[in-house]
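Would you mind keeping the following structure in view while I ask a few things?
Here the chain labels run A, B, C and D in written order, and each chain numbers its own residues starting at 1.
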Amino acid sequence: MMIVMRDGASEQEIQGVIDKLHAIGAEAHLSRGEFKTVIGAIGDREKISEIPLAALPGVEKVIPIMKPYKLVSREFHPESTLVKVGPVEIGGDYFTVIAGPCAVENEEQVIASAKAAKKMGASILRGGAFKPRSSPYSFQGLGEEGLRLLARARDITGLPVVTEVVDVRHVVVVANHVDVLQIGARNMQNFLLLREVGMQQKPVLLKRGMSSTVEELLMAAEYIVQGGNTNVILCERGIRTFETATRNTLDLSSVPIVKNLSHLPIIVDPSHATGKREVITALARGALAVGADGVMVEIHPDPKAALCDGPQSLDFEQFGEMMEELKTMAPPLGRIV
Amino acid sequence: MMIVMRDGASEQEIQGVIDKLHAIGAEAHLSRGEFKTVIGAIGDREKISEIPLAALPGVEKVIPIMKPYKLVSREFHPESTLVKVGPVEIGGDYFTVIAGPCAVENEEQVIASAKAAKKMGASILRGGAFKPRSSPYSFQGLGEEGLRLLARARDITGLPVVTEVVDVRHVVVVANHVDVLQIGARNMQNFLLLREVGMQQKPVLLKRGMSSTVEELLMAAEYIVQGGNTNVILCERGIRTFETATRNTLDLSSVPIVKNLSHLPIIVDPSHATGKREVITALARGALAVGADGVMVEIHPDPKAALCDGPQSLDFEQFGEMMEELKTMAPPLGRIV
Amino acid sequence: MMIVMRDGASEQEIQGVIDKLHAIGAEAHLSRGEFKTVIGAIGDREKISEIPLAALPGVEKVIPIMKPYKLVSREFHPESTLVKVGPVEIGGDYFTVIAGPCAVENEEQVIASAKAAKKMGASILRGGAFKPRSSPYSFQGLGEEGLRLLARARDITGLPVVTEVVDVRHVVVVANHVDVLQIGARNMQNFLLLREVGMQQKPVLLKRGMSSTVEELLMAAEYIVQGGNTNVILCERGIRTFETATRNTLDLSSVPIVKNLSHLPIIVDPSHATGKREVITALARGALAVGADGVMVEIHPDPKAALCDGPQSLDFEQFGEMMEELKTMAPPLGRIV
Amino acid sequence: MMIVMRDGASEQEIQGVIDKLHAIGAEAHLSRGEFKTVIGAIGDREKISEIPLAALPGVEKVIPIMKPYKLVSREFHPESTLVKVGPVEIGGDYFTVIAGPCAVENEEQVIASAKAAKKMGASILRGGAFKPRSSPYSFQGLGEEGLRLLARARDITGLPVVTEVVDVRHVVVVANHVDVLQIGARNMQNFLLLREVGMQQKPVLLKRGMSSTVEELLMAAEYIVQGGNTNVILCERGIRTFETATRNTLDLSSVPIVKNLSHLPIIVDPSHATGKREVITALARGALAVGADGVMVEIHPDPKAALCDGPQSLDFEQFGEMMEELKTMAPPLGRIV
């Protein structure tokens, strides 16, 4: 922690900061320039962070030097983490494709999607049972019935299943039905939910909030890992910007950035990021090329009849073409699709 | 709903859209330009919105004409809603000042804050008992003990109390202790929590999400009102932008915009928006001037010892000066502080 | 300048940074924590900033401690600057109202607008002669003919005139016709144009770029002042965000922020910021309340026939009402309208 | 153009809009819903766009249906445009790599960079002679001397040269020295400069403004093409968002979006977008994968001594590795590096 004092801060103000640091057993390292004095605080990070340094008289700003997360950092754990989902291992040489409908609508739709996903080479089935929707008038999902249909699709195809959990009271029941618990973008900073899934051992797919920085994503993951669950898969899904050509702006830079900062695997969701079917295959290729560990895409037997997000869903033929492209381009990148 | 067809959409594609509309009993109104054909969908809005029009072949985009909320709109309810909080009425001539510490830390701190708030002219006491924090290593609040301390402060000062509820399982117990349930910015689209407070009759203070549009704020309010609770107070608290001089960018334009679109009262929180004590009084004046129904500011007996958000807290003397300024400038604006 | 070394930076890397600093006569102040080493660079700021410190081996990041501007800072010049525009003084007790049409369209329109502006109490006339437009197919302004019409309006009403200059080749001719040279938002970082107006003595109205931080606005002003022209008036006009309810998001927080950081006056343009006539008066009141030195608003004799920005123009009656509101609310704020 | 009337707009207001349309020879197509009336304007687009429809009484909003650009659209010119730069053809099967230093510093540096670029397989040399810098205290480039050094580097290596032009008065002289005129991000909406390069025949590299939408980028290109110069290469270089892990957020989605909307080639600049050397190769791979026609990257013989943007420059070895990766992954994508 570096504490930058205002121009002309008094000796008393400088001493005030130093005293506060000494009081908790930290060292204060003083650096005086012509105009500015900077105090380096050295000692127990958590104790130091509890002092409201920025509120002390004479302080201009406090600049954190240490990263605000620890367990998820690559410095703490240099080797990349592999997350096992049934027979699948995310974070290694395999580039994992997760596919399925936005929402589970009925048995026929979800079974057909699962079979197509399986046939084309996807490794995990996705499908929403509890849907958070901006409008109270939109389709809200089938709830527990959706979980049962997903489980049936898994039984038939052998594909592990990921679904979103939105309610702290449902975590256990959802964990009983599915293989991966998804925390949606809107819940990335629902800290109660993070703590709850942190107490499970089921892998968690943590989507980046649409207005969250990479650092905040890693801090959200820290909540889960701190609870004891180290099986966290991060997911880039676009951030909110002024651009309206796509629903959100997919931030593919976040993939190599996260790879540098953290040992956790990261996948990409081009479907929700863009909301536009016609660019999804291109961005799935981009995800593979920048080093992501997988993609999650929405498919539907009949997108034009979908109850949710039809415009961004691939039909099975389009999905098959996407898989072919990914399979073809993966080897020179050292990945297997 | 206007459906814009792609250039060169075929007659069959156009007919496909029309057929879908007719199938649910809606009218299709066709408008052919030199390059573009536009189809106006006229009929039951909810039925129309269930058709995945944007996914139909030949459709370029779907443009909603109707607003996506109804109960909170001024068109539905032209008169401004007054929300009663104990003896206070929010949304009328009074400009309501809510003040108190970011977090309830101990009895002495909250009682001192409540007394200062009361003495300087605030109408409602705020204080956080359950704190959502970006880092798992930050102070998370006193929990139920905090609720009891807030209730004691109310008993002593007579000020009604507002506190944030973060957990669907706590809504009832929090509602039993306090006078206003606050939904924080991070939970603005926690739809479960919105439904839960919608089933209470306690007034709800709904903060705008930091990456939410005004329209999304109103849709979140619609969730609550649709549940039967019409006592919703909106709160502008800054949005996330590229600017780093303030923590977020306070969007004071949203106040007159909301006043045009909705009958609900709206207040402003300059403390969280900016994170900077030195601009809070100026922005509180701004809030009053643009037509907000109140402000919520953080005060603390000793900001430099605060466990949370010290740099943005006013001490009692600064708060007193702010109140004086607001009282002086209110009359020409037709408001009473 | 604080140079933060990566975890585990070698002694050689640390020494490499120190050597670079010593080579230009600066001091290196070393601060070693458990994980991180931080080096404070103390010495001639400009010389230090020329070393590519962030590119040196072992460096994680470089944190500037000093502000990147000097001449426009309040630390350099503690007293507020007053900019004289004919009989008007911007930056003192007077709250200056600048009004006029978006674009000069013809003699009748600009003379009528000038007379209305004068009659209602505005101090300066605005009007665009050279219009930067996003589309090549939009009205681009009358050019020099527009300048002549503005000069005529000044002769008739006595109001000084401000107009935008977009071309370095036009700076002298525009300066000969008008009283204030406006640098538009799109040109805030057109450094050639900044240098050119910096060589004039005519006051400059510098609008904040729509994606510029406050710091960048002040650096743009530094370009002008460094050239010798200290008559700079800053103008907040909204920044680009995800919100679509207004054209841009008016950042009224920037006003008290700028007042703290700089001695230059700052005004607010609610017309361009919002693009919505119905919120302009409220935001003009907000500008006055947060401490701005004036507002600039668009007026038009017949907004529904305007060639440019009709939807955000006030008609004369609406403008008169705005002026009445500002006059009424100014005294308790210690301002004169 | 669809004109949406306010709820309860009067018959007179509706007729007012219709009359305005009829007055310029356009048709008005009326569509009445239960609450809303929508008027479709059919006729000459430019004439219609000159009526200030949004300012007419009773109008809620005006929704453009047609795209605001024409000459650059794929609808107007379905085949992809190939831009010839010396022996290089941008926009076809070749994936063009442009490399060179941020700024031309001296003969040795630029010649070394040119030779390395050539040797590793780049097709075009970049280098800044006139540098737009946020701070007046930063290195501003060598100016004309820089142009001469670039020309010498071309003579030695045979690589065509691209450099930024910032001043309308320099367009001709720069065009005489180099092969491609670059319009920088800050000048994307410097319409005078766009018109000036539109009157040349030299290819233009048009960088996306850091707060510009894809639509605005295409409108800027329209300015150039409308002037007669169809040799425009677009360049995605990151947009400004709240994320601070990278300097800007590289919007790789814009590549397939632009490919759908326009016939112009588009390349990607990961160096300026991120400012971080360690992610540039990953994002260059991403650019190739999403379908860009090339990349532009900064290289320097000794990044840690660079006068400009050292932290984002690759050294020659890193650049060689990047080229190898691109060459290896290109064939399955149908591209040649």
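In the analysis below, a residue touches a chain if its C-beta (ideal position, glycine included) is under 8 Å from a C-beta of that chain, and two chains touch if they have at least 3 such contacts.
This structure is a prediction, so every number in the text was calculated from the model and none was measured.
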Partner chains that subunit A and subunit B have in common: C, D
Copy pair subunit A, subunit C: interface residue numbering same or different (half cut): same
Most remote chain, CA-based centroid, reference being subunit D: B
Rotation angle (°) superposing Cα atoms of subunit A on subunit D, nearest 5: 180
Separation of subunit A from subunit D, taking each centre as the mean of its C-alpha atoms, in whole Å: 31
Between subunit D and subunit B, distance of the C-alpha-averaged centres to the nearest whole Å: 39
Subunit C-subunit D separation of Cα centroids, rounded to whole Å: 26
Contacts with two or more other chains, residues of subunit D listed in rising order: 211, 240-242, 244
Residue ranges of subunit D in contact with subunit B within the complex: 2, 4, 7, 29, 31-36, 38, 40, 42, 63, 65-66, 75, 240-242, 244
Subunit D-touching residues of subunit A, taken from the complex the two chains share: 211, 213-215, 239, 241-246, 249-257, 260, 273-274, 276, 278-279, 282-283, 285-286, 288-291, 328-329, 331-333
Residue ranges of subunit A in contact with subunit B within the complex: 46, 49-50, 52, 54-57, 68-69, 132-139, 166-169, 186-187, 189-192, 209-211, 216, 219, 222-223, 226, 240, 303-307, 310-311, 313
